[in-house]
Amino acid sequence: MSAPILVCEGLSRSFGGVKAVAGVSLALPAGQVTALVGPNGAGKTTVFNLITGNLRADAGSAMLRGRSIMGLAPHKVARMGVARSFQDLRLFTHMSVRDNIRTATETSAWFWQPGGATARRAREAATEEALARTGLLELAEARAIDLAYAERKFLSMARILAARAEIWLLDEPASGLDLASRLRFGALLKEARRQGVAICLIEHNLDVVTELADRIAFLDQGQVLAEGEPEAILKDPKLAAIYFGDRGEAA
Amino acid sequence: MLFIQLLLQGLQVGAIYALTAAGFALIFGATRVFHFAHGSSFALAGYVFIFAMQAGWPWWLGGLAATLAATLFGIGVFWFVYRPIQRHEGSFFTVFVAAFGVGIVVQNLIGIFAGRGFASVDTSLSRAVEVLPDVFLAQVFWVAISVACLLFAALTLFLTRHNAGVALRALHQNPDLLRAYGLSSTRLSLLAFALGSALAAPAAMVTAMTSGMNEAIGHQVMLISMAATIVGGVGSLRGAALAGLMLGVAESVALNFVDTQWAEAVSFLVLFAFIIFRPSGIFGIAQAR
Amino acid sequence: MIAYLTNLAALAAIFGILAATLNVAVGYAGIFSVAHAVFFGLGAYAGAQIALVLVPDALVAMLVAGLVSGVLSLCLALPALRVRGEYFVAASLGLQMMATTLFSEWKTVTGGIGGLTGIPRPHIFGVEVGTLPLALAALGLILLATAALMRGAFGRTLRSIRDAESAAEALGKNVAAAKALAVAFACAGAGVAGALFALHMQFVNVESFNLDQSVLIMAMVIIGGTGTLLGPLVGAVILLSLPAGLAFLPFIPATEVGAVQQMVYGLAMTLLMIFRPAGLVGDLSRGKSTA
């Protein structure tokens, strides 16, 4: 197994009195899918927010290829190769699907992009490829707000594909997808894994997790209760009890 | 002595600001509508009161008419302007622009029908007497203060005891709680607009008896209410009222140090500073971002 | 009659610049400034002072005016970076009110309520030029620049920020820099328009730079349609010809024309927001509400 690209240690953050994340350590190796599993409110999204700089951590560290990314602004973390999706998608609602994706390929916001014509062609190619792989080619000129539910989810994925990041943090990307869409999503993920992307996936559907995850980190009340192979974690009756909400029995 | 005079004057102005700001905050908290036409309610109430007094009506009848005018106007704007916009998911800015348009229309209607410039009610209440050496106070001061206190007590009672009031307050904190009370959101919004607008009426009447009205006053009142709501912290009625009072006092006391024209800018300086340094306001629960 | 039309055309070009630049902030970046007249005023005073004290060269005046307004646009960028939605509108209103006070009180620079009079006619390299061609050229240049910017990566960045700020950040966009630049561009444009206005009117005072004016410019953008290139121009022409049009209606007493005009655009704003929120030209919806 390759060395992890992203290593988090002791990440903590509380809101008022609530410890949303309390000492989470996580390592994301290249070419592996790590599933972050846990009941609602466990702190999964907050872990992402701490890594990407959307929230400031009270304690802990996050190292990207040995360089600390703690305290960096979100756009700086993104430029270092961390792409993320949002639970509520946050598409650029009034832009076309193609422009949504194009925005992701542009590394500079300004009037000229580095790399000249070659780079421009590469960006256009990346845009078209992301469109094709997410099945959005026909909808390229539609506004994001006019898309159907599954199409929106794939647009969110297409932005990430186009960003060419080496780390993907995906917040419930497959929730609510029908079977066919889920298969397509699975294919996307497997292809990215093959290309060596380090993927962290928040997912509630345990079938999806079983199918796609190489490792599982089980999060509850801000702490990683268990980490390991999917079979071992999913078979643990204590974790299952917590996951399905029978806290009394588990205790 | 000048300082005390200005302080007292500031309290009187502050009481007026507090009432209008509380109305604005109530509406914003419960409906998330930034009611930029709130000042128009105020202006309408003031002019109705002035006309009623000029027509020789008893003061309580004039007051009733003024309150009715403000309330109906508030409800009308909600029903005919905000609700249709919200139905097709208009953004806050759509609402803002529409409300601003309403404000412009009302201001000019008043200008055309009531004449431009200064208008006021002359009563024995507004005659100042010397209460301390060099400190003059009109009875209307006590009227303003006690009306404000009374209304706030009543409002607090309503918001904590009455079922609909509790629902309104809950709405401030969490719009999703609404269903738990089994009250329709439209009816609660109507209630918020009626109550909030009604609060502007007594403030307008006091203003009509003291510094007087002009057709552009709605603008100014709207700006102050908005400033107080933000400085107090959106979501907090108490904050809005307190900030209104403070802005009134600050504006008045500033006269001790600077010219009148600069004093008027004080509120906006405070507002601007708060937005940059503490956007959640004094008592803010809601985050600005 | 010719003089009247030339005057109207020059004003239309000047307000076209104002509306087009405000549209960059409102329609593309989702920064709803109700303080555009502040930067119009700053440019006007700067341009007027240059012409009065230094040289009546239009290019110098416009350049300095654009610079002054562009740099001072930081006053607007600061709250734009801190807050959104209603809060930002409130901040810009506050800025507008403070600036109005400053304009009427800082008499050495602005001439106070009386304003600055006797501003010389504009020259370019010593040759006197009309304000109409000058204004039209400036408008054309600014429109070209806007179109080029908004069609490219910068425009996409702004629109992405408008629609979902945190997602734009997550794609590596420097939100603060992009917003500040959009505001600076819009305000510098307003400054240029201000210098043109001062040279055209040969007189400026605070009344052209108060809240009413900001709302008028806003109304031009809204009525024409935000987020489109030509919408704001259409809005500017409509609102500027309104008083002239109303003056021809016999049943409105001359003293009330101003009031009726304001009512018409107030009503137009309200009705448009209810029935056609994208404006007359646009089909693009404006920015989403606060988060």
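By letter and in written order, the chains are A, B and C; residue numbering begins at 1 in each of them.
Going forward, contacts are C-beta pairs under 8 Å (C-beta built on N, C-alpha and C of every residue); 3 or more make two chains touch, one makes a residue touch a chain.
Computed from a predicted model, the values in this text were never measured in an experiment.
Undergrad: Compute the centre of every chain as the mean of its C-alpha atoms, then state which one is farthest from the centre of chain A.
TA: Result for the farthest chain: B.
Undergrad: Which two chains have the most contacts between them?
TA: B-C
Undergrad: Could you put a whole-Å number on the gap between the CA centroids of chain B and chain C?
TA: 30
Undergrad: Between chain A and chain C, what is the gap in Å from one C-alpha centre to the other?
TA: Averaging C-alpha atoms per chain gives centres 42 Å apart.
Undergrad: What is the distance, in whole Å, between the centres of chain A and chain B, each centre taken as the mean of its C-alpha atoms?
TA: From the centre of chain A to the centre of chain B is 47 Å.
Undergrad: Of all the residues in chain C, which ones touch at least 2 other chains?
TA: Answer for chain C, listing residues that touch two or more other chains: 285, 287-288.
Undergrad: How about chain C: which of its residues touch chain B in the complex?
TA: Against chain B, the touching part of chain C is residues 32, 78-79, 82-91, 93-95, 97-98, 101-102, 104-105, 211, 215, 218-219, 222, 256, 259-260, 262-263, 265-271, 273-274, 277, 285-291.
Undergrad: Which residues, counting only chain C, touch chain A once they are in their complex?
TA: Residue list for chain C touching chain A: 149, 152-154, 156-157, 159-160, 162-164, 166-175, 177-178, 227, 284-285, 287-288.
Undergrad: Within their complex, state which residues of chain A touch chain C.
TA: It comes out as residues 52, 54, 73-75, 78-79, 83-84, 86, 90-95, 99-100, 102-104, 106-111, 113, 144-145, 159, 163.
Undergrad: For chain B, which residues are in contact with chain C within the complex?
TA: Those in contact with chain C are residues 34, 81, 84-85, 88, 90-105, 107-109, 111-112, 219, 223, 226-227, 230, 259, 261-262, 264-265, 268-269, 271-272, 275-276, 279, 288-289.
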